[in-house]
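Below you'll find a set of structures to go through.
Two complexes come next, and they have one chain in common, subunit A, joined by subunit B in the first and subunit C in the second.
Right, the complex of A and B next:
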């Protein structure tokens, strides 16, 4: 099983794949983003209670989903790195941190901007917002840890352990609105269906897909950077770089 | 087949995560009352909160209970469908504040009335499009 999977994740294969897909993925993402943003802002009807301001949902919710998904990705890669000691998992982990940090910052900022006209406040220390704020601090901590060690091997191991520890926060963020009294409302989209009217829902998956493509572009470039940084001086990589 | 040392590391990490989960669970359980943002009217009645003690009160604004008094003063009833508390507030209400909708008020009790100094509106998870009525 391990050997079967590992052959697709050889460093030079990954490097080539990232180089080939980064720019097309950015183009697709950009077109999809413009399209879905136009849809979200101009085409979809206003909300019956929140009127136009609800449109911030289409950036707030996809960023929230991504900030959590990327953290799970970090933890899974940390796990793989600790168990199998595969370099590529550590490279994926390093490459994804900054993207998750940006999405978490976007969630908090867009939520703040959304909160003032609807709730009446920019910030309140309820369970959902506090746990998301902790996620932001976790990301900042990971970014700081990345460059705090002389040995890359040590840095990767510590990053993996910290990423796995921090994963405890993810279910807390997800279920905070169910477990405690919060100002933040419950999840709109659950296994029993969507509380967002189907007429307004369409831009949400579109936006999510476009953000996924655009983040993949940055992720791929980050991976290439990590690979070059680690193995750029080897003969194999020189061969690839020089064509 | 998975190698022995790798399997040991997997067990180690799972044991680690399990204990970490248990620690988090029990600490959150112990802090439960502090994590809740607000108290419902029933919780207020049950607890011995003294007059002039600051806390947040949350619930639904009871239907037909909103009264606009002189100046910017308003009074309304917060209910959790079991108990009710009268709230008095002076100031601007948030946009989404209305009857039959959620509210979180910061303030204190005074003679069984809740004097609020900040009102936040809590909205639900439902989103419905505005149907513009076309008039000929």
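Right, the complex of A and C next:
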């Protein structure tokens, strides 16, 4: 199983795949974002309680989903790197950190703007917001750690360990609204149904997909950077660059 | 504060963050590629 999967993740194959897909992914993502944003802002009807401001939901929720999923992705890759010493897992881990950082910043920024008219304040130290803020600190910590070691092997090991330990914050973020009394509302979409009207709901997956495509562009370019940075003046680099 | 302008501003700010990261990742990669090609030429 491992050998079967590993053959698709050879460094030069991954480099070529990223090179071929990065730009189309960016274009698709940008067009989809413009379409989704237009749909969310101008086509969907206003909410009966929150009027226009509820439209922030369509950027806030997909960013929140991605910020948490990316952290899980980091932890999984950290685990794979520590257990199997797979170089590509360390490359994936390093390549995804900055994307998670930006989405977490977007979640907090959009949530603050949304909070002012609905809660009467930009910020409150409730469980959901505080745990998301801790996630932001974790991402900043990973970015700082990445460049704090002379040895790349040591940096990858430390990053992996920190990413795995930090993953404990993800269920805390998810269930914070159930475990504690929070100003932040409970989940609108659960396994038993959605509190959001189906007409409005469609913009959420549209925005999520558009952000995924744009994130892939960043991820692919970061992977290519990491591969070039790690191969040094080797025959593999010659092979990678010359195709 | 609860106007459509605030919503548009939030979307604009969010996409700006993402586009800046897209651009910086691409420039960082291009610089690294250029350095590697110079190294190989040497």
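Simple rule for what comes next: the second predicted complex is superposed on the first by the 241 of 243 C-alpha atoms of A that agree within 3 Å, B and C clash if a C-alpha of one lies under 4 Å from a C-alpha of the other, contacts with A are read in each partner's own complex, and residues count from 1 in each chain.
Just so we're on the same page, a contact is a pair of C-beta atoms (placed from the backbone, for glycine too) under 8 Å apart; a residue touches a chain by one contact, two chains touch by 3 or more.
Source: prediction; values computed, not measured.
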Given the touch rule stated above, what does A:199 touch, subunit B (first), subunit C (second), both, or neither? first
Which superposed partner A:51 touches (first subunit B, second subunit C, both, neither) = both
First, second, both or neither for A:229, with subunit B first and subunit C second
second
What is the contact status of A:10 with respect to subunit B (first) and subunit C (second): first, second, both, or neither? neither
After lining up the shared chain so the two structures overlap, which partner does A:113 touch, if you call subunit B first and subunit C second: first, second, both or neither?
second
Report task. Please indicate which partner A:127 is in contact with in the superposed arrangement: first for subunit B, second for subunit C, both, or neither. Result -> first
*If you stack the two complexes on chain A, which partner ends up touching A:238: first (subunit B), second (subunit C), both, or neither?*
second
Tell me which partner A:217 touches in the superposition: subunit B (first), subunit C (second), both or neither.
-> second
Residues on subunit A touched by both subunit B and subunit C 50-51, 117-118
Listed in rising order, subunit C residues that touch subunit A in their complex are 1-4, 6-11, 13-15, 17-18, 21-22, 25-26, 28-29, 32-33, 36-37, 39-40
Subunit A residues touching subunit B in their complex are 2, 44-51, 54, 57, 79, 82-84, 117-121, 124-127, 164-165, 167-168, 172, 179-183, 185-188, 195-197, 199-200
Within their complex, subunit A touches subunit C through residues 26, 33, 37, 40-41, 50-53, 55-56, 59, 63, 98-99, 102, 105-106, 109-110, 113-114, 116-118, 211, 214-215, 217-218, 221-222, 224-225, 228-229, 233, 237-238, 241
Residue positions on subunit B within touch of subunit A in the complex are 2, 6, 9-10, 13, 16-17, 20-21, 24, 28, 32, 35-40, 58, 93-97, 104, 118-130
